[in-house]
Amino acid sequence: MADLPISTNPFDDDKLREECGVFGVTGMTSAANFIALGLHALQHRGQEAGGIVTHDPETGFASARRFGLVRDAFTSESVMNTLPGEIGIGHVRYSTAGSKGATQIRDVQPFFGEFAMGGAAIAHNGNITNADALRKELIERGSIFQSSSDSECIIHLMARSLQRNIPERMKDALRRVEGAFSIVAMTRTKLIGVRDPLGVRPLVLGKIGDGWALASETCALDIIGAEFIREIDPGEMVVIANGEVVSHRPFEAKKSRFCIFEHVYFSRPDSSLGGRSVYETRSAIGVELAREAPVDADLVCPVPDSGTPAAIGYSQESGIPYAMGIIRNQYMGRTFIEPTEQIRNMGVRLKLNVNRALIRGKRVILVDDSVVRGTTSRKIKEMILDAGAAEVHFRIASPPTAWPCFYGVDTPQREKLLAATMSEDEMREHLGVDSLKFISLDGLYRAVGEAKGRDSKSPAYCDACFSGEYPVAPSDQIEKGFALKAAE
Amino acid sequence: MADLPISTNPFDDDKLREECGVFGVTGMTSAANFIALGLHALQHRGQEAGGIVTHDPETGFASARRFGLVRDAFTSESVMNTLPGEIGIGHVRYSTAGSKGATQIRDVQPFFGEFAMGGAAIAHNGNITNADALRKELIERGSIFQSSSDSECIIHLMARSLQRNIPERMKDALRRVEGAFSIVAMTRTKLIGVRDPLGVRPLVLGKIGDGWALASETCALDIIGAEFIREIDPGEMVVIANGEVVSHRPFEAKKSRFCIFEHVYFSRPDSSLGGRSVYETRSAIGVELAREAPVDADLVCPVPDSGTPAAIGYSQESGIPYAMGIIRNQYMGRTFIEPTEQIRNMGVRLKLNVNRALIRGKRVILVDDSVVRGTTSRKIKEMILDAGAAEVHFRIASPPTAWPCFYGVDTPQREKLLAATMSEDEMREHLGVDSLKFISLDGLYRAVGEAKGRDSKSPAYCDACFSGEYPVAPSDQIEKGFALKAAE
Amino acid sequence: MADLPISTNPFDDDKLREECGVFGVTGMTSAANFIALGLHALQHRGQEAGGIVTHDPETGFASARRFGLVRDAFTSESVMNTLPGEIGIGHVRYSTAGSKGATQIRDVQPFFGEFAMGGAAIAHNGNITNADALRKELIERGSIFQSSSDSECIIHLMARSLQRNIPERMKDALRRVEGAFSIVAMTRTKLIGVRDPLGVRPLVLGKIGDGWALASETCALDIIGAEFIREIDPGEMVVIANGEVVSHRPFEAKKSRFCIFEHVYFSRPDSSLGGRSVYETRSAIGVELAREAPVDADLVCPVPDSGTPAAIGYSQESGIPYAMGIIRNQYMGRTFIEPTEQIRNMGVRLKLNVNRALIRGKRVILVDDSVVRGTTSRKIKEMILDAGAAEVHFRIASPPTAWPCFYGVDTPQREKLLAATMSEDEMREHLGVDSLKFISLDGLYRAVGEAKGRDSKSPAYCDACFSGEYPVAPSDQIEKGFALKAAE
Amino acid sequence: MADLPISTNPFDDDKLREECGVFGVTGMTSAANFIALGLHALQHRGQEAGGIVTHDPETGFASARRFGLVRDAFTSESVMNTLPGEIGIGHVRYSTAGSKGATQIRDVQPFFGEFAMGGAAIAHNGNITNADALRKELIERGSIFQSSSDSECIIHLMARSLQRNIPERMKDALRRVEGAFSIVAMTRTKLIGVRDPLGVRPLVLGKIGDGWALASETCALDIIGAEFIREIDPGEMVVIANGEVVSHRPFEAKKSRFCIFEHVYFSRPDSSLGGRSVYETRSAIGVELAREAPVDADLVCPVPDSGTPAAIGYSQESGIPYAMGIIRNQYMGRTFIEPTEQIRNMGVRLKLNVNRALIRGKRVILVDDSVVRGTTSRKIKEMILDAGAAEVHFRIASPPTAWPCFYGVDTPQREKLLAATMSEDEMREHLGVDSLKFISLDGLYRAVGEAKGRDSKSPAYCDACFSGEYPVAPSDQIEKGFALKAAE
């Protein structure tokens, strides 16, 4: 799209990125306003575009899909008044795994389909790993796709199901689908939530007055004042109608494999996972890291903002003072509008500035959440040295990211991942820092609450990005030539 | 202006706000790009609108003034290409003290005037306390004002000066002006910087290659890669032409009275003032506060983001762990676009969320930079208690704000200031917290480096907002009925 | 759509409106530019929105669909550069017969479908009279509709065809379709044009250099400098590939029934139909009208702009001087952007003004093309009398419009048509004019070249809006309760 | 301004253009709505930008100045609601004679000034021929200009006047001014109209209910339903307050010299001048032209739209049938938004199309209002011949335009005027037509009602563009080297 802003955020290329957040509500007057608030709270899961679908008995289904942040795209009276009703769902997205090039508005979810028994809309967080094969088959049978999104398969599979009601059609459809999915869907009267059998992506249930809400994270319940009830189970489908929540188990039971990176980076620090705040888990990672990789230094500084909780933990465990050595420009947002070449080249300086007077002459431990391509880490190291630091030690709150994610996270191709081609020592040299240490996979498991570390026979989490062990075979990717890790 | 976004930021009403940032550069190809970057770094000093004026020998003066953030308003090729030249100045603003109601684009600086010997543009940070009287006199003599800004007086006084060159006309004009001003101005070939005799507002000089820059704060030198040379002295005018900086002293010498609130809140933590980072000063305020007002508790949490450095200092001095108990939504920005009533009413929740799982059952010390009206403090207290905190103790990194500022800071009328009408104990009760303590004025002076505290005979800073002692009589305000503090 | 302008054009409600124009080109570098020009020339056939699809071997299909006039929506470099390729089609539209309420962008054509053997796009002028039944059947079989447009049925029927190539699939699809259609379609390499068996709507073929063009009217060939070759025959499909035009006859042969209202009002006066300029035909209608309905008067004035050619003919035949008694404001455009109530109420005055000094005391013959609801005619009469005319005589260049059109023209419901409920005399009284005469149906046939008038056994044109004789049964409408004319 | 649309209208370069229209109203609720309507009716006098100033006792003066057509810029509730009050003035403009390059919003009138006794706003149609000299003098005395407009001098002269009220200050100012001006101005309570002593530009007075209106033309009275009372006299100032119109005569009496080109082209055909409709005058010019320059032919065709009335007159006098041989695209508007190169090059075809089937083989008389550069005439001739016309005869409804206008009309420099460098015969050859005839200056005077033709001793009109006889010496131009016509 010619009119999309160019991102100049230097970190955008150097982070794994969650691709979607979903939210739904039923039984609430002006549901769309609650959805907008919920999506605003989930904005960190997708900043490119968003959509809301609602249903009102008088005016039927209404939909608005727009580029931009929720605070801009989904708050004006003129937009929100077009979305009446007490039930609705919403979605924020970064980009679909399948799309080449820029997003088009037709790729923005929720997707809607009119079936013989009425309409349904769905919003999907995750990625369907056999979407290419499904799409090919559906097109051959006469389905017309409107988007390049893997998620659209689900609605076409539903349209062709012979089941008589929509929840049953959705079960039919999802049994054909492989991969990771947390889905929020709706009919005229039902709000539906589903997680894939492994429960890779999060989905939680909340209650607000007589209404119910489904959300990717608890922080989206907090913003609307909803009470957190429970997480949707892996492999569970809940159908909410007439104020009642009914639970279904449409899939064969499997051991869950929740995404461990949600703890490391994706989820918001004020969300809770398994009863503990994500902030505390990240702080605990810092504690583990201080034990595994101590170093003598003057200051512990986070790479803002995602390194902050682990840096606080590292400081508390090590006794080395915590300080804000790097300041983030809060007016950066994600993008500059078509900046000039000169401005574009300023890169990291537009976003960060070193606290020069503080850093000068100091031995500094920098704590970051992850190293993906390593391009940002190098720039930050240069900024810190340029400001006169005596030593720079990197401590990373996740193991080396050596494998791409195919379950709804935007990762570079494998050869672009620094850890896929270099040892820890080579990376240290490449980054030009005095020391570089990643937390171990066992250390990470301990921090998230597995006291014995990782059970290599049956890991409790999906950690494919670190281990290369994919719990669901990425069949479309294998078809395109992706090489799985050789058996050891 | 009908098309200005409505601010729903609950903090906007409950902070003192710096009203302007200024920046200028000379001797740099594509000066406008450097100015845009500098203004971006100074965005915290004014978010409503900005302007840039440049001069190119071939095409003359060019000007662009726009509402919105620099990253949106002053980065596109289409705007920046209209601003050619190697010399230029810029301005970001919140609102002028004199304006009633919303800002109009004609109020946005820099202001430009065509004089008999050529054009000049000026950008002003501060406030002229005798502007009403000057304006009345100028209109009576036939000047036509285009704005409601106090700063426009300067350019009319310059137009009527009988001096033969622009720097001399500026001296003439500024000698008629009372109040606080840090000014960056330009002619076709000269970049000019001036600070009022008391040096109330900051202004610094930097060098970049063969060029020079003037900026409100050092962080704006950092972003363009300029080296910090020195602060402009109170009462000094520098005229930069042909690569040379010439210093003038147009005013009678006075003891300087720099704004102490720049240390507390206005300046960016990564700027340096008097050779020390603002971050360190704020952390030192937290240390003083911990000494003055200790309390037994489980966690020290900042009110984000401005309370963070003092909270870190408080934690380090007290030994009570520092934690992020309140998380700020980084996608909030300053505004929602015309939100619906329902969204508007969400107020503080749109911006902040309590880390519920972390806070539950804890005794929490909340560190904030200041209390103005107290409205936000009450809401935050409610959020924290609602999340299950056992106790809430407020510690404030500045003394009670009991007097309005008339030197370029947006403050409520005196009767709206909580500290103007209540004692500390009444405030504690009003806020409904377990304890409330402000740093003492002496403690603040110690933290900014005055080991002996405040010299009440001859204070080193302007602290009128705390003390009610105004170093320059606010004559327009007195004319309108403002009552100075009674002599003791 | 909340952001669509409100039309205040008083005539919009009082005219029959052509709903679409189509255009396609192949073998031309930068095809999209030619399409934009062609659509600009066809803008009178649809002003609400337009779309262009092109195909380029390197980048595949590209599409842009936008609200607004072609001159605004499809001329900027930023849009046109997204539409590369040497083949493409375009569409301008008013509104689909099927839509309730406002158009959504998803209703804007061309429609695109990805089939197993590649993609195709189609643009449709006309209306499918069995679209509701087809849609129901397709949804039951699992098709998902994206629009409320009747035209989308065609692409779904094509998707489900078992034929191996796209032209054959289109034949399959169109054999299921009833109603009126002139279609321009494209694959990666083929430009396709089709007219329904009765040839209700126009479609012409032109040649430009080595390329070919298809257009609703010849004026769209003129604007790109193409030579008019011939009209596509009723029931013909042309497939243009590799510079060759191949003709197919997929339908059973029928006697053609071209829309006679294209002569009266829809087509542009500088287009030619059957070898004669539409202007001349309209002038000939005026001549017939002067013979059928003479009256003694001082001036013949057109109701601008559509009454002008007939008024010239009337003047020339009658010898009564032609004069511009009513002046149209050329800056009216079609719409005012959200005007205030007061402006909205000005209605006809915003668009027309009477030449008061000219009209005063005169007996005036006003020539208009048609009377639909009669609301405008009343207002014009009032304006003329208010300006001091002595007498007002209406002469209408078409017979009374007593029946709605179901073949791609926007008409009010039958009960809103003045002629459906009143005799000519009652209408004269209702309008309050000195005399009112419509041309006879025979007179109209004579003017369009049928020397013997209308052959009531086998009329040469579709004249259902005048006669109530529908050449294709409007089956969806009958299902909804529309009563056909009783057999006489 | 980077965001102004590029005009691709081929005629824009080949017409003299009126530069302004003015309108004012007092005593009307929601005055701004009436002003918007009046300016809409005057849009032909200036399409680039417009402005409205109103005054309301409670909220004071309000102003809105915007680029674009009135129908877009001044009709939305959101704009109009910012303009409360019962008194106000407005202005539409093309461009000021003095501006180099593109218009800036600061050049858009009305101009407003705050004086010691209150504010005043003025809107000016015409041109001040000694503006450069006045501006220089005012700047030297300390006035600061905000625009590049000649009209701004008036407000500065008023600001410096020693008179005690605004009408007297305006008299003071206008006595210093040379050139042509019709001015509408306002204070908080008074609506003021003035015409220069020669009355070069028009200004009329109307009454509506208890309110009064001033307008450039009567068509702007018609649109708001006001009754035409009289023309303001040359040299007259009317001051309207409390429902009363008081007439002043501030200037020395002179013989009037109204612009004859207002009859030929500038004024709308439905306005009346001197009691006769402009349409009738133009038709009478056609009659004179048919007498002066008859030719044997088949059709008389206007060059649309401005040649239409003269063509009708020519046809009626000559007996040769009138026909619409060239059709104007009514969706052209004035501009395409940043069109691609290819679209830009289509030039005249975007706007006009020849009625090929009608023109083929015919001898055609083309009637146009004027020839300026001749560029358009050549393109039209080519289109007509390309369509197969047998002969092309140009008849021009004004004498050869050989001199630039300095009284508020946008004309090319003298050397660009075809008639300044060629004889009629050379022009005929240059245009490549079978014959070319201009109406004589005497013929034109007869058509406007001077039965004896032009009185060369004391002409009744300003006809400097034809005769080179300037009734007011263009002193700024002479200073810049413009050579007046040599005395004969």
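Order as written gives the chain letters A, B, C and D; numbering starts at 1 within each chain.
The rule we apply is simple: contacts are C-beta pairs under 8 Å (C-beta built on N, C-alpha and C of every residue); 3 or more make two chains touch, one makes a residue touch a chain.
Small disclaimer: the values here were computed from a predicted structure and weren't measured.
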Relative to subunit C, the most remote chain by C-alpha centroid is chain B
Averaging C-alpha coordinates per chain, one finds the centres of subunit C and subunit D separated by a number of Å equal to 37
Taking each chain's mean CA coordinate, subunit A and subunit D are separated, in whole Å, by 62
Rounded to the nearest Å, the gap between Cα centres of subunit B and subunit D is 50
Flagged in subunit C as touching 2+ other chains are 78, 81
Chain pairs satisfying touch are A-B, A-C, B-D, C-D
So, in the complex, the side of subunit C touching subunit D is made of residues 30, 33, 36-37, 40-41, 43-44, 47, 69-72, 75-78, 80-81, 219, 222-223, 225, 268-270, 272, 275-277, 279-280, 283, 305, 308-309, 312, 316, 321-324, 327, 329-333, 335-340, 342-343, 346, 349-350, 353-358
Residue positions on subunit A within touch of subunit C in the complex are 1-3, 78-79, 81-82, 113-116, 139-140, 142-146, 155-156, 159-160
